[in-house]
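Consider the two complexes below, in which subunit A is the common component and subunit B and subunit C are the respective partners.
Let's turn to the complex of A and B:
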């Protein structure tokens, strides 16, 4: 779909260049093609080697019994069909990881979208003064190193940490966040939302700024309340933006990895193990076949969810 | 348009798979085959490329300069690599056959590297295996061959608050029977928790397996082909571990990250912990040199029904099959395992020598803390030397956590460990 739209301007450009059409069939066309490929080839080569090739080699690895013991003799591995995939779904840890990932996606994405939209709307209308400051302040978590983030948040989440101290002020005795299997996921989701809402916010902000203010003013003149105008004018016009945000978020949230990696190592009691983390562990054990299979389950999930979102949003648009 | 591309791509991928499928696993791969030629006593020559990790990598060049004095025609080039993910780097090097000459290897990883066939066996007569601590030498073997030379060792001992023990009128426990009452006595002196035990962090097994060993468990059958976690001895060890939590001597929510326990120990809220030789420096950082001198006691682990075994880790040297300067590399390694060089290295790095004779001189004999480590090293054991150990160890970590948090009984945990470990297998050449 995206390729179809990006082709359009190119076609228009070529149709305006009528005079050169004759030379196209001649040597000029050939030279142009060669030059074009010469310019593209570094990218094509790099993308092919590090982008495309690994995708297919891991697909073929996922149906073999390859382990780290085979690194010197990669052609000695055996084809095992879908055995790695069935083994995955027989492994309670993987099933738990898949459920955890779903949990993260189902709770994390709506929260992130709501928060980023709310902040974007606030930045777009309310806070006129120091707008730049707030934009940077809200975007800062995105560019902060996850290690630095982890150090700070681990302090916040300690059983006698700042979050629980604040909770105790209002009379709630907080849980031992990272040590309690029931609270470890909410803790990581909270941190992930804080860390990730900057980019959606910027995208929403751009979307909001592209909406002509007249539309909003017209609605207000017609007697609509601010909330009504937001719901009936702003939100529908934000639909394409929302689609982009939803897809970007689901791609990155399905790959839930950094938070459990730096905060909990997948624990306590596997409560924060994600599919990515599971695959990473299996690679570490040298089980390249199983790890590739887990990665492909994830790829499939991402593809299906993106497709579903396209369907839903296109049907409404 | 995109769908036809996609289907072509999938067919291409499947074709690649079929190519792989066509070639069955050959039976000959696996162990590294025969030992290489013996190493002469002449001085080393040429450039020797070595990889070393962590602080060892940063400090090794100084030591290598000394090697050069005795071997003027040789030059040791050290590449320092972080421990983090170094295993992938070594595996990649072996796979691409583009390796340096020698590398430092974490003792738990040696089996894995050896199983790829990328390491050379230690040449006959290069070093005297019996000169090393037994546990260290044990972790250099794989499938009947020896693939590494131990360089430094570490083991875990009991660190406790000496001042609390004195106030309570108790001395360091010698046996399991004295262990609990000792810790309870420290708790009565104001510590919230007696002993810090790992409860679900990575590598918890290194602190929990000793309980099983101390109770007499072996964990593997005689010829290292099957796991044996479902034994009465292993159960006794794990039940003992559990008893620390049920008696409220240890918290079910142990510390999660590195550096978290030291402030608690300094503050006196946790009275004892089990850790390695690096702990003294960490405690100095958290509480100052005076704190360590006045308030920290060190003792070997209390003896269980069978022994007081602890876990032994450390670093080994290995030489790659694709080494360009094989002789030079082995000569350098032979030199590194000389007792006087090992002493030098201890002075420089604080790493404990793997060669027992190196402990007979200097600070290594006089320091009382080191004496504790020395006596602990005599009984310390490595984890099983099978290629799947990392994976089995992760199962152990997970099941140990369930016992610690009280959601599983030791018996059920061991049954699951045994079942999973058997399913994973020992990864010996198929």
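Let's turn to the complex of A and C:
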């Protein structure tokens, strides 16, 4: 400490940049930039090579006829414009995959959000005992490998499996979930909701806890019903949280891949093929251009959906 | 304030929302317990099933409790199916990625949070953009790149693309930004160089963020599927999820005893870690959602 304080005046004398405010943009700026880039260099090197570059490379691949055979000789690749994209929409399997992905998102996201909000509200309001325990238990599926979980659910969904035996108790004879094209997607959605809803739940819970309980109470005291107070006070205040949850879920649900890979191999009759799964299949066939184009359809969808959600939530604010 | 409020009188109200009709609370608890059973049943079925002989798993009607508990599935998994090796591979990859993210992302996070420099906005914009780019977008060129580097089917090939993540930089930057500038300025005036400030001032203060990042990185890598599936071509480089997925969709797909034992092998370490550190897991996820 003593050496440090004795250094201080010496530095001030030697440096000509008197007003320190201005020096932020002055001669020290170059030095700072060098130091900062040095700090960032391992990150920039790795992130640039394995993160940024492939994004652009994928975009350029998507407008070429590149296949697995061209990989070592990039000059043999021809520019084909938007041919891969038009080919995608001429391929009934891709169209089916796109519709399946939309189905998964359109049903899965609202379902997950409603359920997780309901549990968050329940844990936040009516309950003192075992709150932490419930939170941990409900969160458990989030940390488990989807592959491991899918193995288990595949068995639960068998026509004579656990789910149908439970249904038969209440007199319903359940379908052969994963082998019935009408029921395969609902089955995967149910499993996705089971697995994912812990994340929005804890985010909603954190959001609810940041709202002063007095606001809700005041509305009730003013004669509003609890439901009305929730709708008119709590929900509007949760809007930023809801937006975050909606975007996080869109990003992960639009990518859904492991479920069809492990549970159904995209079947039966392509009923569970997703865009990601389709891209992976095309990669497996060696059609790198087509696979890249498919993945860019996904990027576009994610960007559009995020933008749309921003708009909707801003407009209502 | 309307007239209705004055009849009860706000002063007498208990602020705790739980003071309601007990039946309502009973219904609430009942619903929560039902949800709990639905959430935990697949786990129970997995753990109980993994110690049943295969014949008992597929028996009809099936029962939850094993009649003749056995560890045969696990023995077979370790001896014939090499799951010990996959376990090791998963651990090596996850630990390496945790170390890389802790070091490199905190360094970059410090620069983003506390130093004004040319190119910062552009670079950070790229980091934010990459947060929403799905893995499926990059895996084809990444596969080509890593293969051409001669790293296909190697530990380096498995690890390098995840040694740093935009997510890691993002949360480190958020956390370091909350450290008072005065602290950093004081150290600078005392003549400390940036490296010393980072090591002596910043790192000790970011321990909670580092813990969160370590946990979330380990989780993400332990469960990572698409990239190891693409890059690991021979069994000696399989990670647990890849081995289990290929095992379950291959010819062994009907050997439920082995499948469940495999699932238990994948899930147990992360569940134990979660139970030990659940506060950090949950807080980490909640924070990333809010900030």
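Here are a few things to note about the model shown:
The rule is short, and it goes like this: the second predicted complex is superposed on the first by the 292 of 317 C-alpha atoms of A that agree within 3 Å, B and C clash if a C-alpha of one lies under 4 Å from a C-alpha of the other, contacts with A are read in each partner's own complex, and residues count from 1 in each chain.
The rule is short, and it goes like this: contacts are C-beta pairs under 8 Å (C-beta built on N, C-alpha and C of every residue); 3 or more make two chains touch, one makes a residue touch a chain.
What you are looking at is a predicted structure, and each value in this text was computed from that prediction instead of being measured.
The superposed arrangement places subunit B and subunit C in clashing positions on subunit A.
Contact comparison for subunit A: of subunit B and subunit C, C touches the greater number of residues. Using the contact criterion defined above for the overlaid structures, shared-chain residue A:245 touches subunit C, although it does not reach subunit B. In the superposition on chain A, A:306 contacts subunit C only, with no contact to subunit B.
Of the two partner chains placed around the shared chain by superposition, subunit B is the only one that A:267 touches, whereas subunit C remains out of contact. In the superposed model, A:223 makes contact with subunit C only, not with subunit B. By the touch criterion defined above, A:281 lies against subunit B but remains apart from subunit C after alignment on the C-alpha atoms of chain A. When the two structures are aligned on the shared chain, A:173 is found in touch with neither subunit B nor subunit C. Of the two partner chains, subunit B and subunit C are each touched by A:72. In the superposed model, A:57 lies in contact with both subunit B and subunit C. Here subunit B runs into subunit C after the superposition, and of 63-71, 81-89, 189-197 or 207-215 the stretch doing so is 81-89. Residues 55, 57, 71-72, 154, 265 of subunit A are contacted both by subunit B in one complex and by subunit C in the other. On subunit C, the positions that touch subunit A within their shared complex are 1-2, 4-5, 8, 10, 13, 15-18, 20, 24-25, 28-29, 31-32, 35-36, 38-43, 45-46, 49, 57, 60-62, 100, 103-105, 107-108, 110-112, 115-120, 123, 126-127, 130, 132-145, 147-148, 160-161, 163-164, 166, 169, 189-192, 194, 198, 219, 222-223, 225-226, 230, 240-241, 244-245, 248-249, 256, 259-260, 262-264, 266-267, 270-271, 273-275, 278, 281-282, 285-287, 289-290. Of all residues in subunit A, only 3, 55-57, 59-60, 63-65, 67-79, 93, 154, 159, 176, 178-180, 264-265, 267-270, 281, 284-287 touch subunit B in the complex they form. The touching residues of subunit B, when paired with subunit A in their complex, are 1-2, 9, 12-14, 16-18, 20-21, 23-26, 29-30, 87, 91-92, 94-95, 97, 112, 115-118, 200-202, 253, 256-257, 387-388, 390-391, 394, 398, 401-402, 405, 407, 427, 429. For subunit A in complex with subunit C, the touching residues are 4-5, 7-8, 11, 24, 29, 32-33, 35-37, 39-40, 42-44, 46-47, 49-55, 57-58, 61, 71-72, 119, 122-123, 125-128, 134-156, 160, 162, 165, 194, 199-200, 202-203, 205-207, 213, 216-217, 221-223, 241, 244-245, 247-248, 251, 254-255, 257-258, 261-262, 265, 275-276, 279-280, 283, 288, 291-292, 295-296, 298-299, 302-303, 306.
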